[in-house]
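Here chain A shows up in two complexes: once beside chain B, once beside chain C.
And now, the complex of A and B:
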């Protein structure tokens, strides 16, 4: 049995006064997440990541297809699915600002059937684990966005779920909190929980996920390990150098095996090469020109993302 | 039952010190002052029970309409409704627990009204028949909670209904005999009054404050409960329909 099994899933939204215009948020999505796996779901805004999470968490109906969690259908057996999942929706909404952090968590723990001493223990443990114990008695509307996000995470964990759905969980977190989050996901994995994380932060996906699924315009593009996805971009190597003389730049451009020479916004020169022998020649030329600010890079997940999805900037959908 | 109690306690915490609750705390004594002043000016001390019972029922109704009625809409606007749907607890049980907390708070307005009549006008009204009185307060609060379960999903299904939210106060107070006895209404209007549980509640509460023993207590309590039960069934059906609809349309988190 898989933790998550999605088959031919489609979801349309109606647009316009009568819902006469349709927009397809998910189109024939197939996805399998195994037990204990940490799966990243990456894609640009409007790709369908949140829609997928909402269907899995039973708060949205699919137009067609099926979504199962631990063998239970999210549409027809929603009550059982809800007992096994924890969900963290992105953004800083979704908490009761007039209540303090402890009261919020106690309320949500009760919604998962906890009560009495086990409830109090679970809440205190999570407040400690998420670094909120010192502010547990403070009203949530006085919290920073990052603290609210940590409280969201605690809420997602309060029911001790076997499957955790995290929709943009590090939005608003500072770098230290985001690093702590990554170690928290590692703990989730060690505890045998299945985690589905949606993100468009490639570094985050690369750091915490066993497998990454790229999704765009409601369709799954590919699923693989972060390092294997890095291989889907052309096997170019990259040399980045600062303060490169114009004469050297021209020489690099004319060099056989150099695929492209571009200037980065920082002013440094980025040279893409066809293979490592050309990279060696490029490095030698740069050193001979007296360039000391040098580095080489292999394609990473972010390169693959940009290669597959394109650099659409602020564009949605 | 635990979910009901969790909802009850949760709502008390949320409501405590909220502007809406404070508004009721202020308006109930104010209405009592006005009604008692009219009764005293007319040299009609027999109207004192009206002056105390009316603000109590008006407070209950206002709370049901404006706080309990906005409960699901507020959850939707604050982004918590999605998370509430995704938990194992039944949303309807939680909602009922929270609405009951709202109506329980509304019962405090009786104490306020009673104190104002005593402290300001030196009319310390004795509750001559405490058992029917307490029972009536309890079933009235329950029926009010049940009625509020209609408002909450109705305002989501039909946003235009919110525009007539304010008009659902004074016409109802008149029609249900909260402000004046039903017997003073035109004959053809009285059957409509009897379909509103407040008319049964108001009569029994006032009778319980008066000297003669109230008649047909059990039947009148049953009428309040039955009308409340019908409201509850309608409310639950509407709630179910709202949840189905927003899950189907994907508008659960829309404000």
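And now, the complex of A and C:
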């Protein structure tokens, strides 16, 4: 049994004033996430990531196809699915700001059927684990974005779910808070929970995911490990160099085997080469020109994202 | 689920949800702003209507208008449930509530309980505090039954308001209009300003299904010693339970519709 099994899933929305025009948010999506896996779902805004999460969490019905969580159909056996899943959305919303952290978690624990001593123990344990115990009695309105996000995760875990759906969980977080959050996702994996995480952040997907599924315009483009997806882009190598004289730049552009020469926003020169022998020639030219600020790179997940989805994907945050 | 669990589980969620209602109330009012702002405004409204009776020079008319409008204050406040039910969508919790195992209706029953509680206090202050100023005096033996009937009015109106809130669940932008229109209609047809006998038969039939009509009849009976209060009070209890069941069913229906149309809130 897989943790998540999606087959031929479609979801249409009515748009326009009368809702008579249809737009397809998901189109024939197939996806399998195994038990204990951390799966990244990456794609630009409007790709269908949140729609997919909503269908899996039973708050939205699919137009056609099926979505199963731990063998239970999200449409026909929604009550069982709800007991097995936890959902965490990014951003400030979704918490009761006028209640304190402990009251928030107690409310949600009751919603998941906990009561009495087990409820209190579970809430205290989560507050401790997420580093919120010292602020448990403070109103959530007074929390920082990072603290709110940790409380969101605690809320998502309060029902002890086997499957966690994290929809853009680190959006708007500062880098330190985002790093801490990623390490918490690592803990979820170590506990054997299945995690489906949607993100725009390629570094995040590379850091925490076993497999990544790229999605765009409601269709799955590909699924593979982050490193394997990096191989999807043409097998170019890349040399990045700073303070390159103009004459050397022209020589590099004319060199056979050099695919492209572009200036990065930082001012450094990025040279794409067809293979490693050309890379050697490029490096020699640069060293002979007195350039000492040099590095070579292999394509990564971000390159694959840009290659498959294009600049449109990076225009959204 | 055992019988005990089927009672304690909703009760627990209603209790935690009511804590949220209390937090909202504390955020909106201090005891000073409630007393001199809200209560003062409501007493002014009751005074305004009772004064008509005084101007007409009829003690019965004054009593009729004062009692009706004093009880109406708890109705106005209880009907605020229509507005506050939409708050879940606005704070981004509706999606999460929809994905939780417990029914939405349990949350909403507790979520706006501040209104009937505050409304009861407002009505009692108007009846017992303002009444004597207009010649409406109360005997010691009347205070307890009138208090109980005001509590019943607030509670059963809250159940009716929950039903309207469920019907208006997806009409977020019209929540204030629906709330105001509903209580103004109740004010007109339930015997607050004019007796129900003033209206055509079909309006009277509709009014009988609204708990306020029954509780007001019972309060007037206790107040004027004109008839049995128990029968209309029992009708009010039955109607309140009926509207509560209808509200739970309507919330389920609207949630099902929301899942189909994608209107169960945006990602939080």
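To be clear about the criterion, the second predicted complex is superposed on the first by the 312 of 317 C-alpha atoms of A that agree within 3 Å, B and C clash if a C-alpha of one lies under 4 Å from a C-alpha of the other, contacts with A are read in each partner's own complex, and residues count from 1 in each chain.
What we mean here is this: a residue touches a chain if its C-beta (ideal position, glycine included) is under 8 Å from a C-beta of that chain, and two chains touch if they have at least 3 such contacts.
Source: prediction; values computed, not measured.
On the superposed chain A, the positions of chain B and chain C overlap enough to count as a clash. Once the two complexes are overlaid on the shared chain, A:107 sits against chain B and chain C alike.
Look at A:99: by the touch rule set out above, it reaches both chain B and chain C. Looking at the shared chain after the overlay, A:115 reaches both chain B and chain C. Shared contact residues of chain A, touching chain B in one structure and chain C in the other: 13, 54, 57-61, 79, 82-83, 85, 87, 89, 91, 93-99, 103, 107-108, 110-113, 115, 155, 159. On chain C, the positions that touch chain A within their shared complex are 8-9, 12-13, 16-17, 19-20, 23-24, 26-27, 91-93, 95-102, 107, 258-260, 262, 264-265, 267-268.
Contact residues on chain A toward chain C in their complex (touch as defined above): 13, 50, 53-54, 57-61, 79, 82-83, 85, 87, 89, 91, 93-99, 103, 106-108, 110-113, 115, 155, 159, 167-168.
Contact residues on chain B toward chain A in their complex (touch as defined above): 2-3, 6, 10, 13-14, 18, 78-80, 82-89, 94, 247-250, 252.
Considering their complex, residues 11, 13-14, 19, 51, 54, 57-61, 79, 82-83, 85, 87, 89, 91, 93-99, 103, 107-108, 110-113, 115, 155, 159 of chain A touch chain B.
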